[in-house]
Each structure stands twice: as C-alpha cells, then as structure tokens.
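Same chain, two partners: chain A is paired with chain B first, then with chain C.
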Partner chain A sequence: MNNKPKIGVYVCHCGINIAKTVDVDAVAEFASHLPNVKVSREYSYMCSDPGQLLIKEDIKNEGLNRVVVASCSPRMHELTFRKTLAEAELNPYYLEMANIREQCSWVHEDREKATEKAKKLVAAAVYKARLLEPLQENEVGVEPATLIIGGGIAGIQAALDIANAGFKVYLVEKTPSVGGRMSQLDKTFPTLDCSACILTPKMVDVGSHPNIELLTYSEVEDISGYIGNFDIKVRKKARYVDMDKCTGCGICAEECRLTGRISSEYEVGMGNRAAIYLPFPQAVPAKYTIDPERCLFLTRGKCGKSPKCVDACAPGAIDFEQKDEIVEFKVGAIIVATGFDVFDASRKPEFGYNDYENVITSLELERLVAASGPTEGNIIIGKGRKGEKKKKKDRETFTPKEIAFISCVGSRDETVGNEYCSRVCCMYTAKLAHLLLEKIPDANVRVYYMDVRAFGKGFEEFYDRVRREGVRYIRGNPSEVFKRGDKLVIKAENTLTSTPIEDEVDLVVLAVGLEPRQDAREVIDLLRLSQSGDRFFMEAHPKLAPVDTATDGVFLAGCSQGPKDIPDTVAQAKGAASSALGPLSSGKVMIQAQIAHVDEATCRGCGFCVETCPYTAIELVTVNRVGHMVSVAKVNEALCKGCGACTAACLSGSIQQRSFMDEQILPQIAVLGGM
Partner chain B sequence: MSTELQSFIQKYDLLGCIQCGKCTGGCPVTVRTNLNVRRIVYDTLDQDMLDELAKLPEIWDCTACNTCTVRCPKGLKPAEILIGLRNILVESGEIQPTVRDALESVFLEGNPWDKPRATRSDWMQDLEVKIVEPGEKVKNLIFVCCTIAYDPRVQAIAQSFVKVLNKAGVDYGFMGNKETCCSSEVHNLGEEGLFEMEIEDNTELLNSYDAERIVAISPHCYDAFKNQYPDLKAEVIHYTQLLKELLEENKLEITGELPQKIVYHDPCFLGKQNDVFDEPRYILNHIPEAEIVEFERNRERSLCCEGGGGRMWAETESLGERLAEVRVRDAKELGVSLLAVACPFCILTLDDAIKAKGFEEEMRVVDILEIIVDLI
Partner chain C sequence: MVDLEKLKSIAKETVSRDDVKYLIGWRQGTYGFRVSPHFVEKPEEAEELIFSPLCTNNLASYLVLPEKLPLPRGVEPDSRKVALMVKGCDSRAVVQQIVEQGIKRDEIIVIGCPCEGVIDLEKVEERFPNQLESVTAQWSNGKIIFHLPEGNEEIPKEEVLATKCLTCRYPNPVLSDLMLGDEVETWGDEKYEDVKELEAKDPQERWSFWEEAFSSCVRCYSCRNVCPMCYCEDCILDRLNPTWINRSNNASENTAFHLARAFHLAGRCIECGECERVCPAGIPLTKLNRKLSKVVQENYEYIPGIDPESKPFQSSYRPEDQEDFIL
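Up next is the complex of A and B:
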C-alpha cells in the first residue's frame, strides 16, 4: 500500500450535542485545508450506520489510509470506528479521534471560541494521524475454567450457570459452607418464600455438580496472569476433619467439651455452637470443621484424657495432624462474588446496641424468627450473647409487645461515611414486621422511617399489605435510645405532625445497612480492583458494563459491587456468568495492541517502569549487549493494558507506547500549543 | 433568590436537608420548650420568613449542645442555623438587655460577666501561680475561662488546678489579666461580628506565646479554640487530657482515699462534641476507694444540663422540669454523694438544680479538679 497519508476527516454533529455550540460546517471546511487531508465531511451522527458507511465508501473510493473522526470521547466510540475501518479493510489503528463533545461543546458556551477550539483539536488529530502506524492485535487461547470467589447466592448462581454450560468452575468459599447471608434469612421479601427452601437445592447442586470443584474453608492466595490464562493459588485451610471420612452425623459436636459455649457466627451471637461444628444444618458440604482458635486440643495441646470428638467419631475422621493445603490451577475468567458485611450497630452508640439486650439488629431478628434458629422461631429476648452480660436476676426472657424498627441505621448517613441507600432494608423491615405480627398477634409494631423505598417488582404491593396488616409507619429518623425503668425510650420526632416523641417500647430492631466487607482489601489486592465512592467494588461502567471490571476477564456479581436484594443479585450473577462464558466458549481472546514496548538498545535497566506499572506487566531481564550482560525492561504483552504510566516514568524515553510514541504525540501537542 | 437568602441557604447548606427529623428527635429541650429545629430549618428556606423566625422566642431555648449537628445524617449544622437566626436578631438590634450587656462586656472588658479586666486574676490571691508573658517559652499555656475567673462558685476549679500543676511539677504558665474571653458564647449568642474580631485578637495574643499547647479548663473554651480558631499555632487540649497524661507518666498520684459513690456527667462540649469521654473517667477511676457509677444516659447519650448556648444570659420561657433537675434526680436515684463534672457551666446549672430540688444534704456537684486536689 502506498503509505503517503491520505486522510479523511469526519466531523459529527451528534444531533445538537456538538452542533449547538460548535459550527461543524466551519470545522469541516477548515479541516479540508489541513495537510494530507483528502476529504473532509460533517454528518449528523457519525456513529450511525449511514455515518459509518460514509467512511467506508471514502476509504474505498478515495483511497483513504487514515481516518480522523471528530465526535465524542474515544471511550464511547473508538471501538465502533475501529471496526468501521477494519470492515473497509484498513488497519483499525489508522484511526484517530478528536473529542469535540466532552472536551469542547459540552463544556463551553461561546460558540465562536468553541468552534476555534474544535478546529485545533481536529488539526492536532490530523497531525497525529499522519504518523500513525498499523498495529496487530494478538490472539491468545483461553483456559476453559472459571474461578469464583465467594459462595453466597451470587457465587452459587454464577457457578451453576457456567457449569451447566459445560465449563469447569472452581468455587472458593472462605467459611466452612456455601450459602452466604441468604442462608441466615428466614423468609424473603416480597414473596415470603422460605429462604432455605429455595437456596438449599442450589447449594446441593453446587456441591454435587460434576463441573464444580468446591473449595470451602479456603482462600485465594495468589492470582497472576491475564484474561484466558490466570494462574491461581488457593489455600485450603486445615479443617482437622477428613472430608472423605466425615459423615456429618454430628455426634462429635454433641460430645465436644465446649458444646453450646462458643458464639455461633451463623447465629450472629444469638446462639452457640461447639468447637467442632457444622455452621448450620443444611451446610454444604455437610462436613464438620474444628475451630482452631477455640478447640482445647489445638490451643492447649490437651483436652481431658483424650479429645471427646475423637472418641465419638466412629469413622475416625478427626485428624489433628491435618495441615493447610495449597491447590494450584489455571482459569480463563474470574468472578468476584464476595458479598457484604452488615453495618456494625455499635458505631451508632446513641442507639444503645452495646448496652441493651433488647436492642438488636435485623440480622439477629432474622435468626430469632427462623424456625431453624436458636429460639425455634419464638421471639424471645434476653438470651444468647447479650443475655450473658446481664446479672443473673435480670436474665429472665420475655416476649416483646411494643416493638419498633429504626430504619437506615448505617445507611444514608454521612456521620458514618455511608451516603448510599442500602436498598434492601425498607423491604426486609416490612418483611420482619409482618413476621413479628404473625408470631405475636397482639404486638404493636411500628417502623420509624425517613422514606420508604419500595422500588422493585412486587415491593410496593408488599408494603401496602404490611401496612394494612397493622404495622404503623411513623415518619421520623430517631436520634436516641435509652432506658427508663424497664422500657426502652426512643427519642424521635413524628415529622408529619411536628411532634417530638419519647416512645416507650420493649424491643428496638435496628435496620442495619449493607457495607463493603471489612476484609475486602484482600480481594482488592489480589485483583487490583477499584472501589467506587461507596467503597464497594467498581464496575467498568455504571450503565453499560455493570459486571465488568477494569481488568479483562474479571467480573463482579452480587453485593460485592453494591447493596442489592436477592433478585438483583441473581440477575447480576447470571450476567457475570454469561460475560465469563464469552471468552470461555470462543476459546480465544484478542489482547491490546496499543501497548508499551522497550527499546533495548537505550534502556538502562533502572527499573522505574517496573515499579510504576500497576499491572506488574514489566520485569527486568538480563540481555547480552555487545558482550556485556545488562539489565533491561521487558513488557509482558498479554498483561500490558496500555495505560502509559511506564512511558511517563522512563527517564531515557526507551519505553514507548504504540500509537502514543513521542514522535506521534509531540506534533499533536505542538498544534494544540499554538492555540 | 436574593443574594442575602442565597447566602443563608448556602452558608447552612439548607438544600441538603431531607427533613428526616433526627435533629428535633434528639433535641434535649423539646420535652420542655416549643423549639422544633427541623421545622425551623424547613421554614428558613423561605426568604420572607427569616426575620419572623428570628423573632421566635424559642430560638433562645437551644443550648448549643449540638446533638442535632453531631447526628445529622446529611452533615448539616442545625444548631448553627439557630445561631444564624439569632445573628439576624442581633443585627437588627432587638435583643434582650441581658444579652446585649454580656456582649458589650466582652467587647469592653474581655468577659461576659460585666467585670473589670483588672480583676481577672483576683482568684489567684495567696496562690503560687506562674504567669508567663508573650514571647516566653512554655509547654502548657493555661486558659482559665471568664466564668471560672470571676464566678466565686467555680473559681475553686482554677485554684485547684494551680495546686495540681505545682504538685506535679508541670511546665505551665497562666496569662494573668491578658487572658480574654474565647467568645464561644459570643458566637452562640449570635454576635458574629464580635466573634470574628475576638478570634483575630485572641489568635494574635495566643500565638504571641511560645507555647506547645493550650490547656483549656472549660470545655467551652476548649471547643472554641479547637474547632473555631483556624490559625492557632499551639495544640489545644482539655485539662482532663493533661491530667490523664500526668497520671500515666506517674507525675501525679492520687493517694488519698475517697470512699464515696461518684457519678460523672459528660459535658456536651467535651463529650458529644469532641469525643473526650474516657479521660475524665480514667482520672476518677484512679481515686482509691471511690465507687464510680454511670448515668443511664451517658457518653454519647448524655443529657444536656442546659448551661450552654448563651442560656446563662438569655431569658427563656420554658415549661416543665429543667434538664439539670432531671439529671440530679437521676443522680439521687443512683445514690451518689458526688456528681462530678469537668465544666464550669455544668457546675452552675447542676448546683442550682440541687438547690431547687432540695438535695443539698445528699449530694454535691464538683469539678474533677476539686475532687482530686485534696487527694494528691
């Protein structure tokens, strides 16, 4: 091909988005006089089919070999126009975009000056386009397996979808069982399905699916590689129980000297377990685990004459010699589904959560209303962790009659750094209020609220139903809870009547919000995930790439990305699964062409680029330079994302990014500098 | 929107309010006044109502305890909005004579108590007190507070502090008659202009000492210096923080026994507003034989004594039992003989309440300094 540049310039109106502030005709006219410009046109929507056709025909008919599109941000349509070029059999990297929308029409008002600026931007793009080089995208194969981190409903659903499509899944769960928070819920809004009834079958499927390798009580220790080819290292923590021998009979737990003396994580402190335990009856796998921090034998080396669990276990499954095990494997895609933490109510001391046993969180109430819970579904206050603190004589239990929910505890609250709405609390409050009325028909249940957000399918209807059942909604965000006599006093205002109130109740339920997990940093560090302002993991685009991340091949699902209910969690999990299946089923992925490369002849091996690279894509290697062994930088092309950080750090200019070489961008800058 | 209103709206971020009601919900005085701060915040959005709102008698019921501000989920400062309304009234000149006199006294004599500047250090008589001059190097520059300096009931706090400082061999210095009102209450009374002027003058004065820290005896001065004076060079601490440090470093030892039941009342300006909860308790817990108990409403949930917010000077019409009386009633139920505080205003209001209730026989209200001075 004759490589003398023949440039086509296309100035987009973007409806009136650009044309209102920029005289597009004038810009196109101006561009037609720039060096090497063969054709220059304006058009209402360049990204539309007819717009793209204009470019394709000009390439064919006018022999264009460079294209400049002056329109929106390249983030929006660079890929669109690269495809256009490829369809006209021109190397897609002969495209340069001038952003005259975000960088011009949207931010200026003065039409004349905006037009001048648009001309400069277009001229700069033309000067750069003259120097563009063709680039080749490389293809790499894809390991047909997926790693899913987190075995809540999000991870479970994604695992089943991928496994059912015929691909291998490694599902890594930190705790001894899959299930996540959903396994702790009693009924689920808005339909009141029993949570266990709809979750347990899926947990069982995950446990028995031939394509799913379940790694519970395990943590991912290291991830390296890139889309299609991630190397994974997982630590399977020692359970001190032989999984093959354990039958899940539970006699060990009954015999354990600490039975009923250790606060159960699953029961969120409302109930107790032994040192050897199954988190909950439906746990998958149904295998026992010894808590190494509490087990007498493991902490003191002695448990009576001999550990009672050992004596009780007929199959001989207890193995105190067991060690952590490292498992290594390769996957092509990763889904992060690590979920959330509930807000720690002690961070709002004004509600007295740490002081009063009858101030409880919604999750604690979930366990109390659950038939499988520590009180067998009876609403009995004054037992469990909080009861323990009480003096003996006050330890009586009681059934509350006057019950109040306080909404938005830890949500929509700048004082605790959580500006966001947690999205599920209004509805689970309605659900729990309904369940309380069902269990204690003569109870007076009220909900203190700021706004009721019933936005989902069937939500408003459910809210209506619960109100008509007799749950009172009082509009006001309470400020304080304290004790007067044997009643709790809620200090609030009924804002609809402007009446300050001191409401005396027997039970306060704090509708705690959803927060990013305390240990989220572990996953962030493993995968270099970004966080959005709310500290949840950040998706690649809030609307158009809601399950993708900045790293190709890494996807998000469930509450790790932001608070959501089960229907949304499942939908997103299915989205993440289908996104992961893309590369898995095509079997290959294209990798970035606009990446860094090193001029070994001038590289001094200082290593600044290695330190700077956020993707660990650069390493120092030793090469023979005319008889001397020297250290130089080497770019792993599959890992490089073309961010350009290394090129800015390089002192000798030896590392350059393709399409953004110094000699390409300096003329561009020179044009802009002449503004 | 007029620029005046716009600036009121912007200054107090009124458009950020979602009318959730937490401010009124937590306001301690709602049980005995008509004040509804949420309602007032709502109404301030209407420009034409500002002057009228400023004339509402209940805006003087606010004690500036700042419970509303500390808990506002949207970061607004409802108490400051009330002060903004007081400011409108001050500017219009229609203020109560008692308030006017207090402000004038700050302007002329550097204290709100209408006392001559020249007698500010009279409380020091017969005491061995180290006074420092500007330019002099001193580790702990002590700031007494106008109320402590002039009010005969609470002068004992400063006198006790001097003895404690001498005993512990602390590197300290008082400012003598140069000390001038921190103007925390000037701000709360709505006199913004005077407050700004005092900030400027006081900053210059305080910065003229070569001091490492300013140790405020009153939580009100402490809060003002810490949160309202942007340009102070020295670190600002409260005396309870210094005492805790001295105890930790064994420079001070409480040896005397005090076999009494003591409850500590958290001053709003120390606790709620500045999170100093532990230091006063740390000190009390070091008293041999003393039994330290807690109010049901303690720490973050402490009940205001109604001493702040300009209430020492502004007349208010209130219904029902005073909060200080509620407090001493609760103290009596706990069976304490000492009601300990770390704030001169709390002492004065709680003292009155004890008298009003006729509890003088059973209990006394005392500052922590007054307790420990006899035990070291």
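Up next is the complex of A and C:
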C-alpha cells in the first residue's frame, strides 16, 4: 500500500428498509470516529444516482482512497458501487460493503440492539477496508462456438437461435435422432397443434443448417477449460451404418431377423422395432442405426449365413467394423438441455402398473392416440396381465369405454421423494381426455385429481372446454387399483363430498410426472453443476439468473432445470441462447479478480486444494525451489471463481483469496468479536 | 520373536544399494530403557540396529523433516531413496504422508516390522527406577522380558504396554516393501472407551479438564515437531502476519494452539501417540485427537493412513456425507 488509507463511509437508509430498525444517523456518526475515516455520511438511497454522485465527489474532493458502503447485501449492489469507484478513477476493489439490511435491519426488531450491531458491521468493514489491495480484472478471448448437450426441443431451439446469429453450434444428442420427448407427443395443449407438425420443420432446420454440426448417437466424454475456452471431447458411438451411404430407405429394417421383436424406445413399449432401426419416420438424421445390444451379428458374431441387412442394403452402408470415434473441439459457451425422465409408474405399486395390462402411463397413451403410433391412432387395448406372452392373433383387443386418469403420479408426492409439481400433467391430462372423447365419443372419461393447476395462457379456457365436453373431474387421490373380473377398480374418496368410491373402469391412465434424468449424475460430474432440492439442475438465481449456472459460460435450458411445458422450454432455450450469444458476440470476457493465489514458498504441495476445488481450477505443478524440484499448487486464474473452498482446506494458509486474505479478515473478526 | 540377524542382513543389503541414501531404524540408547533413532549409511552401521518393545519412536517423522537447503547452481538434489523401519502404527503415518503427497511411494523403501506392542516408558521406569545401565528387552509369548543388570524380569505385556498399544488395530504394517518376520495376530479393538468416558462428562467438567491440561502447556511445540503429519514448510501457528496464536503462554493462547492443531489433524491423525509421549507437561493430547478420529470415523467412515490410493479426508466429498451440522 503506497498511500495512507482515507476512508469514506456511506450509510444507506434504503427508504425505511434499514432506517426503521437502525438509527442510521447514529451509525454514520459512530463511523466518523473510526480510524482512517475521512468522511462519514448517511443517505436515503446510496444506490441511486445522487447517492453514487456523493461518493464520486468525495473521492475527488476529499481524496478518498477506500470506500465503505453500509447498505444491502453485496450480491445486490457490489457491482454498482464498484462501477461508481471506477468512474471516479479509483480501483473498484477498494470498496467494502457492510450488509446492514439482510444481516441486520430485516432480521431484527429491537432498534437499539440492531443499531449496535450495524455499528459493529460498519466498524468491521472499515477495519478490513484499511487493508484492501487494488486488483486487476483480466480479459480472455472467446471461442466463437457453442456446445449444446441434448437434442430435444430446448436444444434444437437454442441451436437454431445461435446458428442463425452466425455462430457455430455443436449439438450433441445421445439417441440416434434429435427430437426428444416432444417428438413422442401427439397433440400439444392447449391449442391442439400437432406436435410433430411444429417440431419436424425445426428438426430439419437443425439437420441442414450450415452452422450446426449435429452429433447424434454421441455422448460428451470430457469438458475442461472455462468460459470462452472450453475443450470438449465427444464420443460418437459406432452406428455400424455408414452415414454417407445410408439413404434411409428402410429395407434393412424390414429384412432384419429381429423385425418387430425389440421393444421400441420411441413407442415406450407400445410398439416394436428391428435391431437396425430409425427411431421414428421423421428422425433427423434419417439414417439407420444398429442396436449393438440386440443385433445378432454383433452379440453372437453370427446372423444366419450372412446378416440380412447387409444383403438388403443396396448402397452397402452396413459396416460392422465401425468403431466409436472421439471428436474434439473448442467452444466458448455450453448449454445443458438434457431434459427429463418420466416417472417410473412401478414405483407406485398400489396403482398396479406392473400387474395389469390396462394400467398405462400418459406417455404410453400419447403413443396410442398418435396417428403415427403403433395402432395408427386407434385406441385399442388388450386384455390380460403385463408380461404375458401371446401370439398376435390370440390377442383379444377392445376399445375401452370407461376410462379414468389418475393425476399427480410421482408428483407432489413425498413418498417417492418428489415434492414438486410437474407442471404439465394437469394440462396433458385434459388434452388426452379431450382426444379420447374425440376418438371414442361414447366413452366415459373421468380424472382423479388433487388440484387442477391451469395457470398458463389459454389453460383455464381449455380446462373449462374439456369439462364442458363431458370429462368428469373427481377430487380425490386414489388409494388403490385392483382387478375385479374383467374390470379394473379404482378405490378412492371423493374429498369434496366425503364419499368413498369404487369405480369400475376399462383403462387407467397414470398421469406420470417429470423427474431428473437417471444419468443426470454424468452431466453433473462433467460440468460440476449443482442440484436444487428437487434434484433438477440448479440455476444461478431462481428469479434473476434462471438460465445461468454457477459456472460462467454454462447455461441451462428446458426440463433439466425443472419441469416445464413446451412454451416455457422454448422461452428458456431462447434465453440460454441469447445469454450464450453475449460472450460469443463480444468476443471477450472479463475474469474474476477476487481469486485464489498460492504462496509458492510455503505451499507443501499436499493437493488438498486441488481435491477441494469445485471448478478444477487448481493443479499441482513442479517448481524449482533453490535447487530442489518440489510440487506446489497453481491456480488457473480463468477457472477460479473465488469461492474460497481451497483457502479453507489449506493447512498452512499458503493459498489465499484476494480481498479475503487471512490478514484482511482477521481484523474484521476481531471487531465483530468485540475488539 | 524378532530375528535380529535377518534385520541386519536386510539392512546391509539395502544400504549397499546405489539408489539408497540411508536407512532409518532404532538402536539401543545410552541408558535405561531409552532407544535412539539410528541412521544407517554404511553396511557396518547396521550392526547396531535393533527392534524390540522399547522401539517406541515413530520414525516416519524423519521422512518429511529434512530441510531442503539451497543447492549451489549445477548441483543435483540427492534423489536416492530412504529406507525406513516401521511398526504398524508408523506405517499408517507413511501411508498418510503418501496420500498427502508429502512423500512419493517410489522415494522410500519400507521395512515392515510386525509389532506386538511397545512399552510405555513411564510405566516401565516406575517399575524399575533409576536404571543407569542400558537395558534391552524382547517379546516372548505375551510377555516382555527385560534384561536388567540384576537378571531377567518377565512381565505380562498388558502391564507395561503403551496405552495406544492396548487397543491397537494395526500391529502389522499396512504398507511395506520388505517384511521382518511373520505377521502377528491382531488383538486390539477400538471402542474409543477413553473418549466416551470424557464425552459422558458435562461440558463444564470437560472444560475444566482441558483448561487444566492446557494451562500446564509450556508451548515447547514438541507435540508439533514430533508429529509425522505436521510438516508444513511454514507452520501457520508460527506466523506473525496474520497472528493466529500469540506468543504469550496463557490458558487462552495455549487452548487456541492445541485446538487449531487438533483440527488440522482431523481425519489425518494416525494415532501413533507421539505427541503425548514427548509432551513434557503430560497433556493427554491423544484424547483430543482421538475424539476427532471418532467423529470422523462415525460420521464419514474414514480411517486415515490405511489406503495410499485414497483421497485426503479433508478434501473428499460424497453426496451422502453428513451435513446436518451446517446451519
């Protein structure tokens, strides 16, 4: 420090937020007697322009070189006041904030004691301010490309937005086609647009856009680096089909010995496929893939005399020698759009999903209703038990007349660990009920519900319409579904009339909720994401940074962040895309100044900090210490977020965080401890 | 029964190697039941090596203590290996040093000495006071035979063993390159009885207990200096800026010193008991460290110094870790 500290203290009233429980005048007067304090003022709103002007003028006229603002949490206005200092040509890191709102006035009632506490907080800030050091922010360049993980509607939308803005996009999708969950839906609520009709044009766009490199049937293996400069490694799994040669004609699948014998993921078990398959007709890319776990040739090394697909394929696209391929590239931003899993209905055994064929999930009904589905949109169901093997001709089928929905299966249910509302089930239930009535006009459709949450645009109107069409809503959460003769019986209580019900139906549809993906852990490990209480990925701030994560340059879109419907997903995807475009188009990002640094002379190279760092920002390097090669910790300044975890782990205090060094914090603690 | 001839031949062979700097072992001291560390650089020096119930010192401390003096330009650092004799408890210190990257596995040769328990010098000196001549000892079927000038004395080992040995779970080295003799049968069971006894007291009683203990501390730092886990280049408790602990000797600063040390050892202390053994004021430091060992083991199922491949406790995290103590 080359100059003696001259501190200005500014105590904010925050209207009455602070002033009603803290005697602001008394705090300012107290602060004026603290060491090195040149001026001490109070003002109604320090963050306002006149408030900031006060600081700027004092810096100029009084020669202040440190500023203490006693107001709200630094999370609110630290950046505001740093800018104020910078505008007055003072290093912005000469600012210290005392939080006398969230940590004082808002949580206390006794004015006298709150004032005393505010004085202590201000004094602590002043003592720390005396020891502050100027810091410099560094600038790094940005790789003009984005990685998007997940090719559902969120990933597709974000990819298109970024690609249309002129930047390269790598869209990585685990399955053989983009499209995601939305491609499985028949109609969308509340407008009843055909899901495929509005989705497939976007899928085609993504497939043919010059700025988008589509990596389907691929998984991200490794991510390292930091905002602007992420190094990505993607595994392109072997499709055993030459993408350049395959024309998508589909003769191979017709010829495959296993045609119609493998349960289709896309049809959620309602339909079958071959070992070589296109997930669905409009798949993008329209290239076939061989399922390595089922293909006879790949699992047994033998498929008759020669594999039928090979014989059938005129262009000779089948290649059993194909190997997984690793693709490496650099991006400046990452969008996570990995989506969700539907709740596994067998976890609510009382509803008999595992036992009765005619207890199905809403997604299964979605495939039944869909014109492109296995029954071509006819609602035909079988009789019998799940898992019973029957030849197709022996299968007795019928059209159900009595149909019941059970809502909130796996949502708002602490017994399965999902306290949250899945946000889409009420409306898709109404939609499916409507579609069933359309297909089976004489059906009796009822919905067992807890509450109906029709909160979106046009939702309430649609819910009313469906009720007018004759769908009965019964308030009551069923306790059990069991079989009596040919019928399924729902046991429930109508909680509006307090009447017990035993309802005989043909078909029970479980409106299953949305859950974080089973493989979410892999993404968390790759990107060190946080999870919120509901296990979905956590955004940086629930209101003001809903698409950001704790890691700069990594954004969230769609249901990986929490259940949401298609419009919300698209909106968030657009938000994530525009957030990613910020650094991409400016071409540079500023990196944190308040980061960790290592005293190489005292570091013992134990690596506790390396293991502790949640951002992989620290590594051990070998340095020459007066002739001896010793290993010491080294901080990657672009990766460090200044969380301070390493400084807590270090036994010898050799790693310190700038602006939060031990020698700066200790006097602060001493003041708070009573001086 | 320890085969001293085998020990000597192993030692001679080891120090004759070109890539070995020296071997650290024990030799008989100059009086009474004392034993000294012995640095064997030449084969003939191996003749003095012993391994007996008197070998209390944990020699692992010497692995990390050597000061790295500045080298003149052009002089290569001595990168030869160090060979070290370890008991079971000592081997855990070596493992923990490897886990914390204080030493590298290929920098050392570990000579494992299965141990039937070492003596508590105070207990032995109380029984045989004022021994001016050097006394040797050996294990024999659950007893320890002391070769006193007036003749041999056989004592059941439970009567003279160090407290830590009575509940020892790891009498056999958990890591070794060479083993001196066969593994011994494990006898100990760790129930932390001493810690539980202290936990059962009310906070006021416990505070008085520690206040009295820490008041007698003379701040000689022997506990820290002997500890095989305390080897920072620059101990944070020595620093003046910031001053975590004042130099003055009083109950408050002494308490801060010992608590800081205990916390720095949480999940790292391998319970060799050296701190308590060397304490001139008789502060029951192992009780303090063992309390933290108990907490770490009960809450996080972590026992330090067992697996050289493991991650350090203080920087490892599992999603299922207890966190109910976080406010």
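One rule holds for everything that comes next: the second predicted complex is superposed on the first by the 659 of 675 C-alpha atoms of A that agree within 3 Å, B and C clash if a C-alpha of one lies under 4 Å from a C-alpha of the other, contacts with A are read in each partner's own complex, and residues count from 1 in each chain.
The rule is simple: contacts are C-beta pairs under 8 Å (C-beta built on N, C-alpha and C of every residue); 3 or more make two chains touch, one makes a residue touch a chain.
It should be emphasised that the depicted structure is a prediction, and the values quoted were computed from it without experimental measurement.
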Which of chain B and chain C A:H628 touches, first, second, both or neither: second
Partner chain(s) touched by A:K491 [first = chain B, second = chain C, both, neither]: first
Touching partner for A:D49 - first (chain B), second (chain C), both, neither: neither
Contacts of A:D442 with chain B and chain C, given as first, second, both or neither: neither
First, second, both or neither for A:R412, with chain B first and chain C second: first
Partner chain in contact with A:C609 - chain B first, chain C second, else both or neither: second
Contacts of A:P478 with chain B and chain C, given as first, second, both or neither: first
Chain A contact footprint on chain B (complex, rising order): 18-27, 30-31, 36, 38-39, 67, 70-75, 296-297, 299-301
Residue ranges of chain A touching chain B (in the complex, touch as defined): 349-350, 352, 408, 412-415, 450-451, 475-480, 482-484, 491-495, 498, 500-502
Interface residues, chain C side, partner chain A - complex: 68-73, 75, 77, 100-102, 231-236, 239, 241-242, 244, 264, 311-312, 314-316
Partner chain C, residues of chain A touching it in the complex: 601-612, 620, 625-631, 649, 651-654, 662-663, 666
